[in-house]
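Listed below are the structures to be examined.
Here chain A shows up in two complexes: once beside chain B, once beside chain C.
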Partner chain A sequence: MNLYFEIVDWNPLFMIFMACFVMFVIYILYRMGNSTYRKTKYKGEPFLSGNPPVGEWKDDLEPINIRGDSFYWGFIQALKFYFKPLIAGHTGRLNDYIFWFIITLVVVMVVLSFA
Partner chain B sequence: MGGKTIIDPFYHSPALIVFIPLVSSLIIASVGFISKKLQHILFFIALLITAFFGILMSYEIYTVGDWSFAIELGSMRLTSGDHVFMMYFLADGVSAMATIILSITSVAAGLYSYTNLMEEEDSITRYYILFLITVAGTHGMIFSANLFNRFLWFQVVIASTSALVAFRKYDDRAFEAALKYLVLGCIAWFFFLFSIGIAYGVHGEMQFYELAEGITGGFADRIAMAILIVVMAFKSGAVPVHFVKPDAYSRAPSSVTVVMVVVSQAGLWTMFRIVFNVYGTAVNTYIVGWVVIMLGILSAFIGVSMALVQRSIKRLMAYHAISQTGYMLLGVGVGIAVMGTTDMGIFGRDAMVGGIFHIINHAIYKGLLFLTAGAIIYKTGERDLNKMGGLGRSMKWTMLFFIIGALAISGVPPLNGFTSKLIIYRSVYMFNPVLSVVAMLVSILTLASFYKVFHSVFMGASREKYNDIKEEPMTMLVGMGILAFAVILLSIFPGRAIAILVEPAVEALGVIS
Partner chain C sequence: MMDFGTLSSMMLKITSSLLIIALGIFLGLFYKGIDRKVSAMMQSRIGPPIIQPFRDVRKLLTKESIVPDDAIGYLFNLAPLIALFAPLFVLLYIPIGPFDPLLEGYGDLILVLYLLALPPLATAVGGSSSGSPYAVLGAQRKVVLMMSYELPLAISTLTVVWKIGSTVNDSLNPFSLSVINSYPIWGQVGLLGAVGVALVTIAVVAVMPGELSKEPFGQTEAKTEIAGGALAEYSGRNLAFYYMASAVHMIVFSSLIISIFFPYQLSEILYPTINIAGPLIPYLEMGLWALLVDTVFFLLKLMVIIYIGVSLLGVSFARFQIDKVTYVYWIPISILAFIGLILVFVESILF
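After this line comes the complex of A and B, so read on.
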């Protein structure tokens, strides 16, 4: 169960045990909290100055779905110089696939001819 | 070599493991008119028996040792003399590990396909036959101790998997993907034959160990090795010969994609066998190692980059399969680069262990992820991440299996993907720190990409059109559960898995630290 290599030591059960221990400590801290706390209407909601109270505002929200394309849109836009040619290179054409196969073959043959 | 004698009951078990699915496919074809359900039961029993013998044979290898044998298939009298056709089998650590991977994944995929593909009643017989032929062909590739035998099984696997990709006759894109896969597979197959011709022409041998004795590292040897490496890189889906993999993986039924991942790994095993067992230190291993490392780094980075911009769930996962292949090539590439030097004992062997452990991890968690993708497509009829959302409420088990697979592939501790990646990072760092940093960056991007899938599919508000969706049928859940359980086992007991599965494979490749 342990991994003891020349350079790597790793024990997953120790990590699981430590995670359980940390959760136990969190539970103890939680139990030590103020037991007289009572949740009222706006307690615990974020306070946004100038906006309507969150409790009322929340009822007007539309159901939200984040589209797959929206994830990392900014990241991909910022690295457009990298992603654009990469996507364009994946043409879906069989001729291109064969071209890359032959090119790779030639390059590897040339390199390994010195091996 | 030769830990067994012919009187031993397990002596011919590798041949049995190849022939059981082949014979079963004929039986299944002939009972199709009786009952489709009977067909599936027989199909599943055939997979179970094959897996049983596979695991039993692996146990024999681990307890008794390696052995090899040949079966005569027939002879022919030509003008050049009498020719005997032999099939050579080799049972060692590599074949044991590969057959265990194929056994687990094929059983899970076979069970999963019961309800997943039952609607395709017209073509289900074709599916059973082709699936079993693919399993037999992959076992054939794994056990072959001879280049020409391996070439024949390679051909069988290319043909059967192409047909399986085009399983859904009404899907034009599946047909297109299958055609591309077949054409490129045939081109690779031709070059494979060409390199075998060179090796046979120079040395008059095609068996690995006999051929290894004659290898001098001359120009012809190096050219033959270069061709073999590129052909097997294509088979394993390494960049820049990866293009057909996303097409084929994304259109094939998910149960087929699971097996196709293992088929790809048979290409990796062949590459490793050729480099270690056949050519060894007769060539400049530092240059060979760097070629493999570059293929690995390109695969890891370009694979994950392309995954990040995909909107089709299965295509995204297909690019991740390419990216993960990069880790395996990276680990083993470092092992090749330091072969025969003192560095092999310091970090080369660990890099090999990491790379090979990643092969089994990848087959299991990638198989699980493909099955979850298949379950989502089966229930929603949708592949586009932009059109999904809120499915976590109705597909709780699928979401749980997805989380297990996604965390494992992203290398989040304490899951098995983390263990193999940790070994790779540390050992590769000692070879070249830049490579290790790139590998870690790929892991971060993998996590980012799977978070995108998780949120797009399972989180957010429920979409009205998915209101009636319920959890998948039990067989699909059990199929996914088998692989999820395997992920957890490999995560909790990585030391055992390495000692039992990986170390014998590394030793079979002739790695001496």
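After this line comes the complex of A and C, so read on.
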């Protein structure tokens, strides 16, 4: 049942069994908590402090949600000195992409010729 | 067909894992209480009693768990379970004081680092699936935070593993936490390497508040800004599970720092002639008090690490903006860790 590597051997089945066991214990704990939920009119609305009442506003939630392209905003903002030239390189023109492909190919071949 | 020895060893592991799960949750909540009390005292407040986190969990477990109308129900309810599962499972892979990891040989440091990425991902998934803009913003910040601290954490741990791997016997797995525990990194390096390891240690301690989403890296929840962020819509037992998950995560990460950088035992100094680098059995020869001394020493080390990495940093610094988080982790702290790696490497080449 064990998997043997160069310096390690381990039993993945027992690991998975233990993971399931821990999950089972956690589930038992979870079941000990209160599972009741009495639904009332505004209970299930998202919390939006300072905004107009959600009930009248609900259909218009889309503009205040985060778009997929903004998901890594802080990361890209912090490293924009690196990302800015990369984003600028993505012009959408096929000629530019072929240009970069050829440049990369030349660099790889030069490196390989020295290796 | 398994023989009786294997079966009884497995039964022992299963029973012990129950004990470790209970201990992990208890210690996590206890140290959380101490952290809250100490942080309050540093800010000239009285603060809650140390048992307050236990009361919080008990109370939350009795409250009803609201699932927002727009939420993806099964993801919303599953995420807190995963968030608690990962640190508790990692606890089985980490040496607790004088005891070897329970699941030694069933995974190593690489698995631990991967499993430690699960709680932030679970929080991000839970936040994203709750259908609240605050929660989605918190989830977005959580992902950015995780992408930020992973680099210095990876450089730091690999520095230690590489050094131990290059000095110990080839047949030993340097990624195994019991090997790292048995060959403390400070004993493997000279003066230059020790400076490098010190830099790497500082980097890992700086990663700690980010890993645990504590101030100055508490942008994910940021109650004054985004109303609890990823957890904005959580309540009842779901919130209790996130609460316990953050407490256990604190214990797990601190124990990991101790086992990588400060694995020394007090009984080694008190009884230097007896070799104790092994599992439980040698302890029985030494007497129960040595076990007790080392366990108490481990709990003290845990308290010091939590004090420095969570309480002191949290009280001393204001919360960073989210783009500054990436900058802080990727530029100064990663460079610090990288210099540490280079110093350790240069020492190995030169001497």
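FYI, the second predicted complex is superposed on the first by the 59 of 115 C-alpha atoms of A that agree within 3 Å, B and C clash if a C-alpha of one lies under 4 Å from a C-alpha of the other, contacts with A are read in each partner's own complex, and residues count from 1 in each chain.
Criterion: a contact is a pair of C-beta atoms (placed from the backbone, for glycine too) under 8 Å apart; a residue touches a chain by one contact, two chains touch by 3 or more.
This one's a predicted model, so the numbers in the text were calculated from it and none came from an experiment.
S.K.: Once chain A of both complexes is superposed, is A:N34 in touch with chain B (first), chain C (second), both, or neither?
M.R.: second
S.K.: Looking at A:L105 after the superposition, I want to know if it touches chain B, chain C, both of them or none. Which is it: first, second, both, neither?
M.R.: A:L105 sits against chain B, while chain C stays out of touch.
S.K.: Touching A:A78, do we find chain B (first), chain C (second), both, or neither?
M.R.: second
S.K.: Quick one: is A:H90 in contact with chain B, with chain C, with both, or with neither? Answer first, second, both or neither.
M.R.: first
S.K.: Classify the contacts of A:C20 with the two partner chains as first (chain B alone), second (chain C alone), both, or neither.
M.R.: neither
S.K.: So which positions on chain A get touched by both chain B and chain C?
M.R.: 7-8, 10, 12, 15, 64-66, 71-72
S.K.: Inside the complex, what are the residues of chain C that reach chain A?
M.R.: It comes out as residues 10, 13-14, 17-18, 21, 60-70, 80-81, 84-85, 88-89, 92, 103, 105-108, 130-137, 140-141, 143-144, 147-148, 170-173, 175-176, 227, 232-233, 236-237, 240-241, 321-327, 330.
S.K.: Enumerate the contact residues on chain A facing chain B in the complex.
M.R.: Contact set of chain A toward chain B: 1-8, 10, 12-13, 15-16, 63-69, 71-72, 76, 82-83, 86-87, 90, 92, 94, 96-98, 100-101, 103-105, 108-109, 111-115.
S.K.: Which part of chain B faces chain A closely enough to touch in the complex?
M.R.: Chain B residues touching chain A: 179-180, 183-184, 187-188, 191, 217, 219, 222-223, 225-227, 229-230, 233-234, 240-241, 243-244, 246-247, 283-285, 287-288, 291, 302, 305-306, 308-309, 311, 345-347, 349-350, 353, 384-386, 388-390, 413-414, 419, 422-423, 426-427, 430, 448, 451-453, 455-456, 459-463, 491-496, 498.
S.K.: Please name which positions on chain A make contact with chain C in the complex.
M.R.: 7-12, 14-15, 18-19, 21-23, 25-27, 29-30, 32-38, 43-49, 61, 64-66, 70-75, 77-79
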